[in-house]
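Each of the next two complexes has chain A plus one other chain: chain B in the first, chain C in the second.
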Partner chain A sequence: MKHAFSLSHISAQILKWTVLLFFLSAALFPLVWLLINSFRSNLELQITSFALPERWLIGNYERALQVASLPRLFFNSIVASFSAVIINVLISSLAGFVLSREVFKGRDTIYTIVTAGVLIPIIAFMVPYFSLITKLGIYDSLSALILVYASVNIPVSMFLITSFMRSIPKELEEAAIIDGCGFVQRFSKIVFPLSQSGLVTAGTFCFIYSWNDFIMAMLLTSGLSARTVQLGIKFFTSQFITDYTSMFAAIIITMIPSVGAYVFLHNRIISGLTAGAVKG
Partner chain B sequence: MTRRVLLLATLVFVFLVAPLALYAAGTSEAVPGKEIELRWASIWVGQDSKAAPVNAIIAEFNAANAGKIKVVVDPQPDYNAHEQKIRTAIAAGIAPADIWTMKLNPTTAEFYNSPLLMDFTKSFKGDWKASFDAASVTTSTINGMLKSLPFEVAVLPIWFNMDLLAKVGVNAVPKTEAEFWSLMDKLKAAGISASSQMTGDTNAWTSMIWFSHFAISMGGPKVWSKPFTDPVFVKAAEYTKRMIVDYSTADAIGLGAGGSGGHFLAGRTALFSNGPWYAGRADLAATPFFKNITIAGLPAFGPTSNYTVSRIQANICAVATKDKAREAAIIEFLKYLSLPANVKRIAEASGAMFAVASDATPANHLQAQFATLAKNTKVSAQDLEAALGATATLEFGQQLSAFALGRISAAEFTKLVEAKIDR
Partner chain C sequence: MSSTAKSGKKSSWLLRLLFLSPVLILFAGFFVYPFFFTLYASFTRWRGIGAMQFIGIGNYVKIFADGTFHLALRNNFIWALSHGFVQIPFAALVAMILLREPKGWRFLRTVYFLPNVISTVALTMVWSSLYNVQFGLINEFLVKILGKQTVHFLGNPDIALSAVIFQTVIYIGYFMIILLSAGMNIPKELYEAAQIDGASVVQQERFITLPMLRGTLLTSITLAMAYGVRHFESTYLMTGGGPAYATTTMGIDLFQKMDALRYSEASTVGVLLILFGTVLIVAIRKIFGKSDPMSDMAQ
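And then the complex of A and B:
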């Protein structure tokens, strides 16, 4: 007890909390700034960049929903993101299962080549994907986005899922084999269910990328039927004029799903990352 | 177990294979008798001041050509993203749309080498050709090809908030270089940020305009043909740095166009630079100093006086097609869009200026001043971006920050930009 009130202990606590609060403030400030300014007028914003609104303008949110057709774009984003996640997780888990549980020649080479994809900047894929999508005849469709989002995320998903699957004890599979399980059953009844944390982690990363992507959505779509919320935000800017506060309102609205996904799934995401990192 | 495998296979098929098969059949070849759909990747959408009149013109065209031609707008509200998409599409050997706009500069002029762009040379004649400004058409004609039609043009003068000038006892725009620097010093002494400068975005827009003014005044209208290491550009760089460091807001280095304009709108800066489209803003009209804004050129900083900085702001391109019906439909729409009566509507609604002559009546006193300025100036020369292209301009903005921060000298600054100019 004496130790708890010693000068050095109190100093350490103060230092710790000061550092933590500083970084917490630095992390939260942009969000708070965005939220408060989403209720202000453009004139107020131009006069002072950070202050409480003279009048809280809910109209910015109404305009955000109307001008950019956000409800439709929201629907498109949901379809594209969830479909991409399903396909991505299916493919990555099947590949991850083979690479983590089977021993064959070239296994490590394949794993290295595929996961090296995380190092390639997305901008390098623009011309090849544009060419591929237009030649497939699926330009300006959700299918184009689903295909690209699922594919682009395969390297990171495979890295996470393979690492996670490697941490599952082989004895479980051996017992399953004794009980008569074949190759597919070992995957579907043993490894896949036990990899939930890894799958959720990979799926969440894929979802966040798909939801937040602007470049590919801009490149591969041209109309309202396939565009996503991130493009909707741009409807508040033109070549020379920007309706900043309505745009901020639109950004707040579009952030809700990805923040929500993280809030509800963060325990699994963290456990998935930890398991993959430590045991993989 | 088999059911699970079947389920997995079905999901993969439903989400991946089936949509590909469903969409794979699409082609754009016009079928005789069938309505031709033309997709226009348009930047004049959303909040743009030209969006409403352009949409109305498209609707009228579609109604008049019902069952034959239909123009559909693919909205491109983000101009930088639009440019990126055009570059990507052309690099991939695919036209970005049936119709699209671009800023013509040495970078985009490379697109003229692409067979994807329609050459308007054969169809651009008669009344259609006569309605266009000949100088703009000449600028847009490269190696005998007219692969983009000049449409929106602009002059880029200086905006003076005369209310702020009056606070320091000045009631007229400066006529000489000495008067100009005296005004700057008076504003600074009064605690007023004299000008809205910026080095951010892809082109350091407002400071790029100031630099262009200095360079043209000292080097004449053909200044851009000189090497960028020429003493004229070194001097223009030094003047621009002086404006940024001594006579601008503290946040000028790294600031974007929105912030630069915002300072002027908020009455924090006395001098600003931008094109006529800015004159149509509702928030500008709502400012207490709106009636006391004067649009003028800068005084002579060298042998060239009474000049204006100008550019072709938007050229219209179309896809080259072997389908004669589609080609004719594109030409028909572009002719309709560029009818003087339609251009007048867009000009009056937005305040923008066009390469097509029209008797548009300016909607406010600022637009009237722009028209008068364009009419009365003897010399017109392009700004840096229009003359030297996107790559050199990007380098200009990035190195302008380093120069303004004192990390490089004026000579080093011009040398770095020169290295990015593709001559």
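And then the complex of A and C:
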């Protein structure tokens, strides 16, 4: 810090903080604006878009809960996402075990083809997915979403889980074999438990995808019975019509679980994501 | 590999197959089958019901002559470029600043990532409101503070595409975190040595950080462009591809064709979308040197 007061140092500091604060406000400001306006009346909103509420109205939230069938939406999203994560992680760890710990012809080919699936833009498959789900007779059901979410995430999970399992030392398994462990026990007693953090990372990616999905929910469901939170938000505009501030309250409610989880777990989420994505 | 000493047994072949089969069946059902289905359907006339009627390259000829598809192709290209070459440079810039651990950098890192835990749908709804003509904050700023005219951000064909892309490009959190954690692995000694040799901060970033981050940057650009090509929700919810197809993309085009029961043409757009995404990724890797995104991610 020897040039602490030089002109170039000051301008560099200004530039640096301009960049940092710009992206800080980009990340926070829209959310803060939404939150504040969710407590205002529509009249106040029409007069000025940027002001604190004259009185903090809780009524918008009451109306949001009445109009938007939020409990149903949350229930559907939770069931669809968690089921998809469990199925996806379980089957990917079974296959990942074979592809990482066994040696046989064609192993690397299978791995390459399956993981190359990440390159496919899934929206290109809207026609076959719709046709397949209709043929299976599960259109407009949570089973359709669970099946699609669990399947679409196979390439990512296979990549994360297989590469994690490869890093487990061979010696542990060799010791287990000497102790008389067979194929299934090598998986259930050694590799599966030791892969926990890899499984959590894969599960996190699968959960984020499933929870945030909009396209598949729109494509594969039609009624309220299987409508998820994200799809539900689309209907807010027609449900609330011109009651914008109640709609804002409803949107805020949809954000509470993920933002809440992030506030408490942000360190683990960030380190978990980077540990899986860029293993250091 | 001695861990497979017992793997010669017949029973272990069966077990391997048993362990692999759920993934293989679902992968076949949701990747392999859809791929060939889409490819075949693109050469047929088919409206979703009844048999497919093979017609050769008719759909491709029709779509390449279609002005809407040209707009979609152009817009997909703009999406990909703005994600790869606007979002990533900003993410890298912020990551490089945070690597020097300025005051509150941990807090900033946490906040930058916050929008990434919120769904695209919710963020899109917020931005639709911010852009709104009657009560949107941005128009209020333009009119009341700057004394300008109201701007129909999402209704003006000249601005709509930029307005839709802008609210996705400024969320740099995900790639910033990836670049930041890659940067943290750069040995501190390199910077200390450079400082002793009299290298300025800019020189250190130019000759140490950027070269060391090259692989991660390339991966990030590739991934960001792939995400840009795939983006659907913002356009669908903000403009539906309008006004006058100004913001349409291949994904939107595909969905609208499907909605109009033109399934085989929708499949043709699907094939072209996969082709477009693949060509883009291959081109990036050809231009910037060989680097396998998957193995980069595993480094």
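Assume the second predicted complex is superposed on the first by the 212 of 280 C-alpha atoms of A that agree within 3 Å, B and C clash if a C-alpha of one lies under 4 Å from a C-alpha of the other, contacts with A are read in each partner's own complex, and residues count from 1 in each chain.
One rule holds in what follows: a residue touches a chain if its C-beta (ideal position, glycine included) is under 8 Å from a C-beta of that chain, and two chains touch if they have at least 3 such contacts.
This structure is a prediction, so every number in the text was calculated from the model and none was measured.
Trainee: Once chain A of both complexes is superposed, is A:I86 in touch with chain B (first), chain C (second), both, or neither?
Mentor: A:I86 sits against chain B, while chain C stays out of touch.
Trainee: State whether A:F236 touches chain B only (first), chain C only (second), both chains, or neither.
Mentor: After superposing on A, A:F236 lies in contact with both chain B and chain C.
Trainee: A:P30 contacts which: chain B (first), chain C (second), both, neither?
Mentor: Only chain C; A:P30 stays clear of chain B.
Trainee: After lining up the shared chain so the two structures overlap, which partner does A:S131 touch, if you call chain B first and chain C second: first, second, both or neither?
Mentor: The answer is both, since A:S131 touches chain B and chain C.
Trainee: Who touches more of chain A, chain B or chain C?
Mentor: C
Trainee: If you stack the two complexes on chain A, which partner ends up touching A:S141: first (chain B), second (chain C), both, or neither?
Mentor: Only chain B; A:S141 stays clear of chain C.
Trainee: Have a look at where A:V184 lands relative to chain B and chain C in the superposition and call it first, second, both or neither.
Mentor: Both chain B and chain C are touched by A:V184.
Trainee: So in the superposed three-chain picture, is A:F97 touching just chain B, just chain C, both, or none of them (first/second/both/neither)?
Mentor: After superposing on A, A:F97 lies in contact with chain C but is clear of chain B.
Trainee: With both complexes superposed on chain A, which partner does A:A12 reach: first (chain B), second (chain C), both or neither?
Mentor: Touch status of A:A12: second partner only.
Trainee: Touching A:S258 in the superposition: chain B (first), chain C (second), both, neither?
Mentor: Only chain C is touched by A:S258; chain B is not.
Trainee: Pick out the shared contact residues on chain A: the ones touching chain B in one complex and chain C in the other.
Mentor: Common to the two interfaces on chain A: residues 45-46, 91, 126-128, 130-131, 147, 150, 184, 214, 234, 236, 244.
Trainee: Which residues of chain C touch chain A in their complex?
Mentor: Residues 1-7, 11-12, 15-16, 19-20, 22-24, 26-27, 29-31, 33-35, 37-38, 41, 48, 90, 93-94, 97, 102, 108-115, 117-123, 125-127, 129-130, 134-137, 139-141, 144, 170-173, 177-178, 181-182, 184-185, 201, 216, 226, 229-230, 232-233, 237, 251, 254-255, 258, 263, 266-267, 269-271, 273-274, 277-278, 281, 294, 297-299 of chain C touch chain A in their complex.
Trainee: If we count contacts the way the header does, which residues on chain A are in touch with chain B in the complex?
Mentor: 42-43, 45-47, 67-68, 83, 86-87, 90-91, 126-128, 130-131, 134, 136-138, 140-143, 146-147, 150, 184-185, 188-189, 214, 218-219, 222-223, 231, 234-244
Trainee: In their complex, what parts of chain A are in touch with chain C?
Mentor: 12, 16, 19-20, 23-24, 26-28, 30-31, 33-34, 45-46, 48-50, 91-92, 94-95, 97-99, 101-104, 110, 114-115, 117-132, 147-148, 150-152, 154-155, 158-159, 163, 170, 173-174, 177, 182-184, 187, 208, 211-212, 214-215, 229-230, 233-234, 236, 244, 247-248, 251, 254-255, 258-259, 261-262, 266, 269-270, 273-274, 277-280
Trainee: Using the touch rule from the top, collect the residues of chain B that touch chain A in their complex.
Mentor: That would be residues 1, 4-5, 8, 11-12, 15-16, 19-20, 22-27, 39, 41, 43, 45-49, 51, 72, 74-75, 77-79, 81, 84-85, 88-89, 91-94, 97, 257-258, 261-263, 265-266, 274-275, 277-278, 281, 283, 286 of chain B.
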